[in-house]
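Structures incoming, each one as structure tokens.
What follows is subunit A paired twice: with subunit B in the first complex and subunit C in the second.
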Partner chain A sequence: MASTNPALRLEVKRIYKELLYMGRDYPQGYDYFRNRLHKAFFNQRHLTDEEAIKKGIERAEFVKKEIEALYFLKRYRTLKHRYAPS
Partner chain B sequence: MSGLRILVPVKRVIDYAVKPRVNRAQTAIETANVKHSMNPFDELSIEEAVRLRERKVPVEEIVAFTAGPAKAQDILRTAMAMGADRGIHVQIDESNNKDSSPAALEPLGVAKLLKKVVEEQKSNLVILGKQAIDDDAGQTGQMLAGLMGWAQATQASKVEIEGDTVTVTKEVDGGVEKVRAKLPMVITTDLRLNEPRYASLPNIMKAKKKPLEKRSLADFGDVDVAPRLRTVRVTEPPPRKGGVKVEDVDGMIAKLKELGAL
Partner chain C sequence: MFRTALLRSARQVIRSAPRCQAPIARPIARGSLVQIQQIAPSARFQAVRCYAASAGLSREEVLGRIMDLLKNFDKVTDVSKLNAESHFNNDLGLDSLDTVEVVMAIEEEFSIEIPDKEADAIHSVKQAVDYILAQPDAH
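What follows is the complex of A and B.
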């Protein structure tokens, strides 16, 4: 572990924290989200290749965007349903 | 005109995803230990203000405003994380009427308070959510426009600003309506105006450095925010009745006849 690039390590921690923060609004609850998130990162812990780690960070960024979209859509649909009965 | 000075009032409400519970005395909704967040329609107004700036409309300042308990500050932080420049928090102590805290300020009181804020901040555009999802009054924007004597465009689904002319598209029954007015004016937002961005962790952190002014009602002089309405009773909607299963087509026809649908 110590051999990995410290800048990359920081990146991973940053995206992990950001995702963790987003988990507070997760529909199935924070605990559900945290466990899943932790597992997802933990399963990649063997990665030492910098390129592979960068790919992982990219994937995490993608997931972040997906969750943002999920939150937006969920709220939009709920409100639309409540205020604009069709 | 040197630039837009936008005021965005926001409200802290029970999160839209939480199922509200009526308290025992049937006087209000339980708010203790319930997740709160920014009124979704107010997120739209913050987002619109920020997008105006991103569209290179000359925006001088975006001020987020809220009146409410101490925790309403979190909502201001969210607003600033989304792009507001600074926040003003008027602390309203709701401890004296604990069981009806959402009704502590009524739309008219808020509108009067906002009038003072608008005058003090020299705002020339106020963007509000069309209603708050807790009391669904949908009055504050209109009352503020009335008190200020400003033009207003309610339930905007598109806002275009050129010079000091504002064109707002509104969704109405069976089509769209376009209204045009000169600044200063009041706009209230509809659900389809834009897609509010997520207040991410780094932006929340950055927002902690933005100035947040704490004020009290007394700072605004003689604002009459005394409640004029009395909540008589709050009840939950009647539970949905379960359906019935029918055996076959004949059974269904018989049932429909019985209900008078045939």
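What follows is the complex of A and C.
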């Protein structure tokens, strides 16, 4: 693992940290999110090819946006539910 | 009508202004002089103490807080190996991702922000303690 590009290594850690912060308010709980996230990153640990790692980071950025969207949707639904009880 | 009223009020203000200023200004000046003489030595001493004192974190306190934090961290496999010198990876069985989480927890505990580059260099309890002690704004 030490053989890989240190800049990419830092990048991976950065996105991991950002995702962890995002997971604070995950609907199923932070612990659930944390374990899943750790597993997802852990399963990619064999990657040594720089291109592959970059692709993985891109995927992580995509997931981050998905989670953001999830939060917006959750907020929207809650608000809608409050204002228009059906 | 309006103009005369305006003039009269203006004249009143002019006439009353110096009369007001003088009596108010003098006691304040006198009072503050007296107060300064009385309070100054201790106040100045306190101010110096307040601003010059560091956060006052002792090594034992930092170590204790980090140890508590690690004790409560659910991924530490072997708590018995936890001591002031333990290495996150070799002794505690944490991988690099868990180390990121530990560093995040340390950031929150001491309410500081550790830059990614420096966070990457923290691999053991000792390094974490040294880093916190080197930070003037950690508390």
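The working rule: the second predicted complex is superposed on the first by the 84 of 86 C-alpha atoms of A that agree within 3 Å, B and C clash if a C-alpha of one lies under 4 Å from a C-alpha of the other, contacts with A are read in each partner's own complex, and residues count from 1 in each chain.
Going forward, a contact is a pair of C-beta atoms (placed from the backbone, for glycine too) under 8 Å apart; a residue touches a chain by one contact, two chains touch by 3 or more.
Since we're looking at a predicted model, the values are computed, not measured.
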Touched partner set for A:10, first subunit B, second subunit C, both or neither: second
Which superposed partner A:38 touches (first subunit B, second subunit C, both, neither): second
First, second, both or neither for A:22, with subunit B first and subunit C second: first
Superposition-derived comparison: subunit B or subunit C, residues of subunit A touched: B
Doubly contacted subunit A residues - partners subunit C and subunit B: 17, 21
Partner subunit B, residues of subunit A touching it in the complex: 17-18, 21-22, 27, 68, 71-72, 74-76, 78-80, 82-84
Complex contact set, residues of subunit C against subunit A: 95-98, 100-101, 104, 116-117, 119-120
Contact set on subunit A toward subunit C in their complex: 1, 9-10, 13-14, 16-17, 20-21, 34, 38, 41-42
Residues of subunit B defined as touching subunit A within the complex: 16-17, 40, 133, 191, 195-198, 200-202, 204
